[in-house]
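Each structure below appears as structure tokens.
Below, chain A partners chain B and then partners chain C, in two separate complexes.
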Partner chain A sequence: MMKGSLKSAMEEIASAIKANKDYLTDLDREIGDADHGINMARGFDAVMAKLNSAEPADLSSGLRQVALTLISTVGGASGPLYGTAFLRAGKTVRQGDMLNPKLALSMFRAAVDGVEERGKAEEGDKTMVDALEPAYRAFEDTLKSGGDFPECLEAARDAAKKGVEYTKTIPAKKGRASYLGERSIGHQDPGATSVWIILNALLQYAQKIHKEQ
Partner chain B sequence: MVGLVIVSHSEKIAEGVRDLAKQIAGEAVRIEAAGGVADHKIGTDALRIEHAIRLADTGDGAVVLLDLGSAVLSTETALEFLDDARRGRVLIADAPLVEGTMTAAICASTGASLKEVVSAAKEACNANKL
Partner chain C sequence: MKKIINHPADVVDEMLDGMVYAYPQYVRRLEGLNVLTRTKAPTEKVALVSGGGSGHEPAHGGYVGRGMLDAAVAGAVFTSPTPDQIYEAVKAVNGGRGVLLIIKNYTGDVLNFEMAAEMADAEGIRVEKVVVNDDVAVENSTFTSGRRGIAGTLFVHKIAGAKAESGGTLDEVKAVAEKVIANVRSMGMAISPCTVPEAGKPSFVLKENEMEIGMGIHGEPGIQREPIQTADRIADRLLEKIFDDLRLSPGDETAVLINGLGATPLMELFIMNRRVAEVFAGKGIKIVKTYVGNGMTSLEMGGCSISVLKLDDELKQLLGAPAETPAFVQF
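Moving on to the complex of A and B:
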């Protein structure tokens, strides 16, 4: 069992998104409509406002609140995609469950499945899936070989980063960037980049709570 | 009577298309606008769409007409929040937003079925302007 709270994990994500708001928006300017950072910052600001106004009763209802807030405030494709991810992650948690690495693995799988079901993208389509799938596999492999929670997240973050690099080499098949076709090659996908930023933020969070134990 | 939901990234577009359709089809057809996100910003909001679907569907179903990109993802997310019975009578029209809404609204006003209304919307894909 791990200490910490959903609120402090979300705080870490929200401040990382805020710090990278312009960076994500600039990436989206190249192959999209220049709003990914603005959308994500608006969404996670609203998440923090929600969590600050009332601390959720438990992890599962907290994740549902996060999901509903993202779905209704982000505005772009990343809203329903990340929203569905948090919604499905929350559904794998039973009432009263505390976070542990094994539960995190099943939450992670459900989240990735949710994104894929919602957006119908596969690896190689130049979307957030290109960061999520390798990150999930790295998390799973590290957990299986006995890694602790921060080690799992570190492996996931590094794999996501490789996925981000990979998106530079391929044309977009889903989302706005797909209108550019081959011209999208050479540019990295904004959504894959925000996945990497979020995983890095979760790693920072995990390292903090690990130290406190 | 089948209702309509207009989903757009722009609140003004959704409301404008709704007003136009109401003028053509009359007040009997329920047409709900679900455009933009809070503070009149550009974007789509699944909860706003879900609410509009609940208003538009009075038992005979609802057809959703939409613009691009995340409009589809947000509408499909909204459907996830509906119970099975209602979800079963909501269809997304693969049709141009303005023309599709007009043909769908006229069709709905005749008391047509859900399937008929959604295919009326689709027929707008073939409408020539010149």
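Moving on to the complex of A and C:
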């Protein structure tokens, strides 16, 4: 694939997060502390400022920059969690590697492992993991059955969306929403929702690049 | 939203500058960072670093000074500070005898402080941490992130700070901090909401005649929403839950903190304290020291919390030791 760049992919994510800033914050107001959209928007704005000031040499160092910027600007739990995801994804890439679906799969796995380790969360806890794990499995299955990059991402996005819907049916066991116990049932998890928004943005990006080729 | 601010995005930055202008004898700001450190700290002691989201003023910057914290890291409003800022605070105050991080038990705070501790550890700085979880409003079970940390944290700052000031080792300071955590319980309630400047609208809504028992300091839901009652009845409710969790017997010695959440007048806090004193007297439990005031707020939230610390000789002596900070002076 990849005529695109990390910068244009992050641009797609940043504008999707910005467009959904109030939505994410409203979801968080219901079961958390009403800052998820605000924090994510601040973080991805900073990421774009960083990438605009100096385009990274390669994918590996670019992802590291994205991670460190998110860690130092998002705050809350999302900063370390998303930061760790990008940091681990970046570690999977060797210097000079170009993105391809197989590499993307191992980046995806490393990112999900990072989030689970840092947050000590697993599927069913009503967290980001409830979108990430099914999305990863869908990506993997689609790749195995010969899907191209946009098809893999589409499957991942759709699976993440199902994961988001699933979070409405379960009580939270991690994060601030866990204090609500059963009262958190019926509300969708803001973190799982931002995972879905990011995957959707990556899909939009991949489809654009695919068309250009 | 009606607030005396310049711009929502600037509140933390401008507040920190304002604190430094007000108390240059106690605190200074690390250049380019949201970190307040002691103006002059002796380097030959264990350093204490705390922090958390802003909006809880005077916590935590107001407790930086002799006998309490060495540095406080301020995050965005109600949002944990980031690891890079915490790490810079640790580096700035480490005098070689190690650094204790005092963390309130929220997922974000724990994650960010842990990452900072890893960064400091990689630099060869000895860092230990304690996590405060005094709020009995929420269940402490394996199915939640544990109890929240609220105003009882101030007792940890005070007592661990006194231990460090008296020359305690990092292990000793950590041990006494953990002893405080094991013996302090808090419970709060709210009657009116607060508005995070960047969010622009109240974080929850209570009807004119409603209160919420067990409300957290970020507007997290508590145990129950119900019609408001008298101060005496509210004090009874909060104490009941504290006594369920903290075993106290006649003759035991305690310290009590009646903490306002921002919009509740001292008049009402003293009315609460009157009832608390009566209840303790009725049970034969001694209150050695009472603090009443806005020690850990929640912006302009209306409401209060009660914290009770069970004392032993060591805790009592350290609690009574002198301290001099912007928000807490004791001779």
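Everything that follows uses one rule, which is that the second predicted complex is superposed on the first by the 212 of 213 C-alpha atoms of A that agree within 3 Å, B and C clash if a C-alpha of one lies under 4 Å from a C-alpha of the other, contacts with A are read in each partner's own complex, and residues count from 1 in each chain.
Everything below uses one rule, namely that contacts are C-beta pairs under 8 Å (C-beta built on N, C-alpha and C of every residue); 3 or more make two chains touch, one makes a residue touch a chain.
Fair warning: this is a prediction, and the values are worked out from it, not measured in the lab.
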Judging by the criteria at the top, classify the pair chain B and chain C on chain A as clash or fit. clash
Kindly classify A:176 by the partners it touches after superposition: chain B alone (first), chain C alone (second), both, or neither? both
Applying the touch criterion given at the start, work out whether A:39 contacts chain B, chain C, both or neither, answering first, second, both or neither. both
Does chain B (first) or chain C (second) touch A:118, or do both, or does neither? both
Under the stated touch criterion, which partner chain does A:154 make contact with: chain B (first), chain C (second), both, or neither? neither
Pick one for A:75: touches chain B only (first), chain C only (second), both, or neither. both
If you count the residues of chain A that each partner touches, which comes out higher, chain B or chain C? C
Contact-wise, after the overlay, does A:29 reach chain B, chain C, both or neither (first, second, both, neither)? second
Do any residues of chain A touch both chain B and chain C, and if so, which are they? 39, 42, 71-77, 79-81, 118-119, 175-176
So in the complex, which bits of chain B are touching chain A? 9, 37-38, 41-48, 69-70, 73-74, 76-77, 80
List the residues on chain C that touch chain A in their complex, please. 53, 75-85, 106-108, 111-112, 114-115, 138-139, 143-145, 148, 196, 198-199, 203-204, 216, 218-221
Residue ranges of chain A in contact with chain C within the complex: 25, 29, 32-35, 38-39, 42, 71-81, 118-119, 171, 173-176, 178-181, 183
Touching chain B in the complex: which residues of chain A? 39, 42, 68, 71-77, 79-81, 83-84, 87, 118-119, 175-176
